[in-house]
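Consider the two complexes below, in which chain A is the common component and chain B and chain C are the respective partners.
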Partner chain A sequence: MGTIIKYARIYRGFINTCISQATSFRLHFFLLIFMDLFFYISSLATVDFIFDYVPMIGPWNRDQFLFFISFMLAIDQLHMTFVSEGFWSFSFELRTGHLDFHLLRPAGTIFSVFFRHIRAGSLLLIFVPWACLIWFGMKIPLDPFAWVLLPCFVIAGLILLVSFELFMTMFVFWTIEVYGINFLRIQFQQLSRWPAFAFKPWPRRIFTFVLPILLIGTPTTGVLLGTSPWYALLYMLAATLILWGLVRWLWLTGLKSYESASS
Partner chain B sequence: MSLAVNSAKWTQTMQVAWSNQLVYKLNFLMLVLGPVLVFFFIKYNLWSSIFSMPGVTTIQGYDLASMLEYQVWVMIVALLAQSYNNMKLAEDIRLGRISSYLIYPFGFWQFHTASFFGTQVIQIIVSILTVFAVAAFGFDLNLSLDQTPAAIAFCVLVSLLWFAIAFILGLAAFWLDETWVLRVIFVIIAQFLSGAIVPLEIYPVWFRSFLDYTPFPYMTYVPVKLFMGAYEGHIGTAFAIISFWLTVSVLVATWTWKRGIRMYSGAGM
Partner chain C sequence: MIACRNLSKSFRIFEKKPGLSGSLRQLFKREYRSSHAVDSFNLEIGKGEFVGLLGPNGAGKTTLMKMLTGIIVPTSGEALVAGHQPSKREIPFRKKIALVMGQKSQLWWDIPAMDSFLLLQRYYEIEEKAFRKRLGDLSELLGVTNLLNVHIRKLSLGERMKMELMACILHEPDVVFLDEPTIGLDVIAQKNIREFLGSYQKQKNITVVLTSHYMADVQSLCNRIVLILDGKKRFDGSRSEFEDILGREKSISLRFEHAPNIDDHAWSKMDPKWSNNNFQVELRIPEATMRQTLADILLRFPVIDVVSEKMAVERVMETLLKRPELIPESR
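Take a look at the complex of A and B:
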């Protein structure tokens, strides 16, 4: 309990710093909001336009598919707000030796490096994907139990996405330059924004069991829509646990090769 | 003599750009692999899935083969045109490094333009290899002998337009602390409105009519259709329009530079 309170206090400090930083650079703050907003509109509009010409994609109709896209946007919104900046700054910390300061702090280094940047602008947009999610959920319509599960599933998807991205980012210890890994990470994000049935069998297996990005949204929305069995969620849980094991191993191995540039 | 010296400066800077691009080999490989990964795993799978639906044989004139061909050329046009990013340019301004360019015999815009050319050489090689790789996987790329030279020339103008826009957005560092967000906004908007995600024929008619008044269709859709030999508009007009937008962008870049340099404080000096 004491540990949770300690980390909650640290996180409150992170939030306060980020809010004062965001309000100091107001134009940047508003540009971030505009960027996220346009991204949501373009993601939903693209699928909506395609459905002008086809009645179904796989087993899903327009509302079900747009519900899935909104679900992924809700995960993306939380990801953009709470973790995405950390993936970009990690390489800088490594190259400049600033990681030393994080290592010396009396708190988990992964927590300190990856969860300290919060985008206050993106936080304001939380209602946009959730409004879409509720709108399309009502059009389907979801049953009452599914509405209760929905927020938990969004959080579970976010945890898996972050676990996968942490796993990828650990390789920066060896590549040093983060741009390529981040570029590839963003391509994987794009892959994850489509349901598993849109993929042919082999890529589907690879992106479910080897690089489990299709487990981020497909099993949970499938359970909510009644198109996937509940035990699909177990794959998601297993993937998250395995990824955390790998992240821990890569982190410890990577630290051994860290040269502490400025020291 | 002057020409030889100038050529040497440009060549040396291009070589520096090559070195910067290739120094982290794994990083470079990932930048090349990213778009190919998206094509094979998203676009190929998604469109195959859509066209496997009963009764769906064509969408707005595209069958599966032509839709995949369209998406391959989107990837190639993106490789050719969108490779340059303005991060170093903005960083130079923000960290006060342009002071060096102000006294060097090779100016700021010359340096960044030469870097852009250097990057382009690598991207051309990557694009050619990608075309061969895609063809080796059995994709039918019906290169049109009539329109391919025009498509290549058009891509040169598109890449210059992207560079000019990236330059303008990078110059915003004179006023803004962070400029990456401007570039990301522009990329998201351009991808959606230029036909890089789906062909513009799939968009509603009213939306396409609106797009005609913007440079976006000329940044992806037109060069792709030229590569496919399926561009139905007047090629000369398309060249005139992209040249117009390029000229406007260069003028805006020049104006922005002049305004920005007046308020440059030489941070860190």
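Take a look at the complex of A and C:
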């Protein structure tokens, strides 16, 4: 319990320092808010536009598909707010030797490195994807039990997404330069924003069982909408556990080979 | 407090051939060489010691410090710091140590120092009352009370280094590693930092390991010197022993009213180094005969100023770096 309180207090400190940092550059702060809003609108509008020409995509109608998109945006929003900056800064910290200071702090180093940066502007927009999610959930409509499961499933999707991206980012220990990995990460994020049935059989198998990005949103929304069996959630759980095991192993191996930049 | 046995660290260094063909070739085949940054290093440091780790650039000082703080893992050998194996990076170990790097900042650039300190308070679980007291005492001692709420990027280098030191000792570590803490600072700022470090170390009786290329830091703070050359320990002893490596001689500078006869036999035994106009000379005089020799010189020559050496460590260091064969084997 003491450990949880300690980490919660540190995390509150992260939020304070990030808000302090973000509000130092006012114009940039507002620009990021605008950028996030633009992203949400364009994601929803693209799918809405397609449904002006087709009545169904796979087994889903417009509202069901927009519910899925809102679900993925809710995951993205949490991801952008609480983790995404860490993936970009890791390479900088590795190359410049700033990782040294994280290694000295008396707390988990993965926590210090990847959960240290919080995008204060995105934090303010937390209501946008959730409002869309609730709106389309009501239009479907979801049953009461599905409403209870909804926030849990968003968190589960976020955990799987973060696990997958951490797994990819661990290779920065060997590539040092992060751009290749980060752009690949973004490509996978884009693929994960489509439901599994949108893919042909072989890519679907690969992106479900080898690089499990289609497990981020498809099984959970499928269960909520009644189009997937409940045991699809077990794949998601298994993928998360395997990825965490791999992340831990790669992290410890990477740290052993870490040489720190000369000063 | 600190012990290491046969501690070694090797790095694999890739050497690229110049030009376009070298760039293309390196994509497929690379040539590596092994560099021994630290080689079979043995060291024991007791509680409350202030040790100067000296050596030229690339000697292995920072690598040694990084191994002792757990930042990098040794290739071989053992280390024990404050009862812990640094490479395990245990949380209680991290609470007992601190590292200041003069060339890298641990403070967040875009926020005031106070925000960083509050975050460190949470990391190190410092109680509110103790935190406020330490912060007040340290900021007053370092003269930065009015700068705590200023963004770090707006501070001068000297002010920033004071904040770095505060960040480093807020949790009252048992062992502090200082890697060139005065680098780039003006003489006043260097002096302030030195005075602070000296008094803080005495007051808290902590163990400090310092590397610095400014011998004034070492001269005024360290009671023990460890010399490292090419990753190997070449000297380990008290500061006075280090100063005596070149013999028990004093370096004395004399200034004359008018140029004396430089061919006088009196100078020949004292390794004289004359200035261009012969109005000034630097002499090496054995400690045992210094009073008598100086008295004779003052009687015979028109001396108007006598300056004794202030930085024996610097002179010894300079000589040893040029002629490492002078370092006694037994040390």
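A few comments on the model shown:
The definition used in the following text is that the second predicted complex is superposed on the first by the 262 of 263 C-alpha atoms of A that agree within 3 Å, B and C clash if a C-alpha of one lies under 4 Å from a C-alpha of the other, contacts with A are read in each partner's own complex, and residues count from 1 in each chain.
We take it that a contact is a pair of C-beta atoms (placed from the backbone, for glycine too) under 8 Å apart; a residue touches a chain by one contact, two chains touch by 3 or more.
Just so we're clear, the structure is a prediction, and the values are computed from it rather than from any experiment.
In the superposition on chain A, A:Ser260 contacts chain C only, with no contact to chain B.
In the superposition on chain A, A:Gln187 makes contact with chain B only, while chain C stays out of contact range.
Of the two partner chains, chain B is the only one that A:Ile50 touches; chain C does not reach it. Looking at the shared chain after the overlay, A:Ile15 reaches neither chain B nor chain C. Ranking chain B and chain C by residues of chain A touched puts B first.
Once chain A of one complex is fitted onto chain A of the other, the partner contacts of A:Ser42 are limited to chain B, with no touch recorded for chain C. Of the two partner chains, chain B is the only one touched by A:Ala198; chain C is not. Overlap of the chain B and chain C contact sets on chain A: residues 25. Taken together, the chain A residues at the contact with chain B in this complex read 25, 27-28, 31-32, 34-35, 38-39, 42, 45-46, 49-50, 52-58, 174-177, 179-181, 183-184, 186-187, 190-191, 194, 197-200, 203, 207.
Against chain C, in their complex, chain A makes its touches with residues 6, 9-10, 12-14, 16-17, 20-21, 24-25, 96-98, 100-101, 103-107, 109, 255-256, 258-260, 262-263.
Chain B contributes residues 24, 26-31, 33-35, 37-38, 40-42, 45-46, 48-50, 53, 56, 59-60, 176-178, 181-182, 184-185, 188-189, 191-192, 197-198, 202-204 to its touches with chain A in the complex.
The touching residues of chain C, when paired with chain A in their complex, are 11, 62, 66, 69-73, 89, 91-92, 94-95, 97-99, 101-104, 106, 108, 110-112, 115-116, 118-119, 121-125, 151, 179-180.
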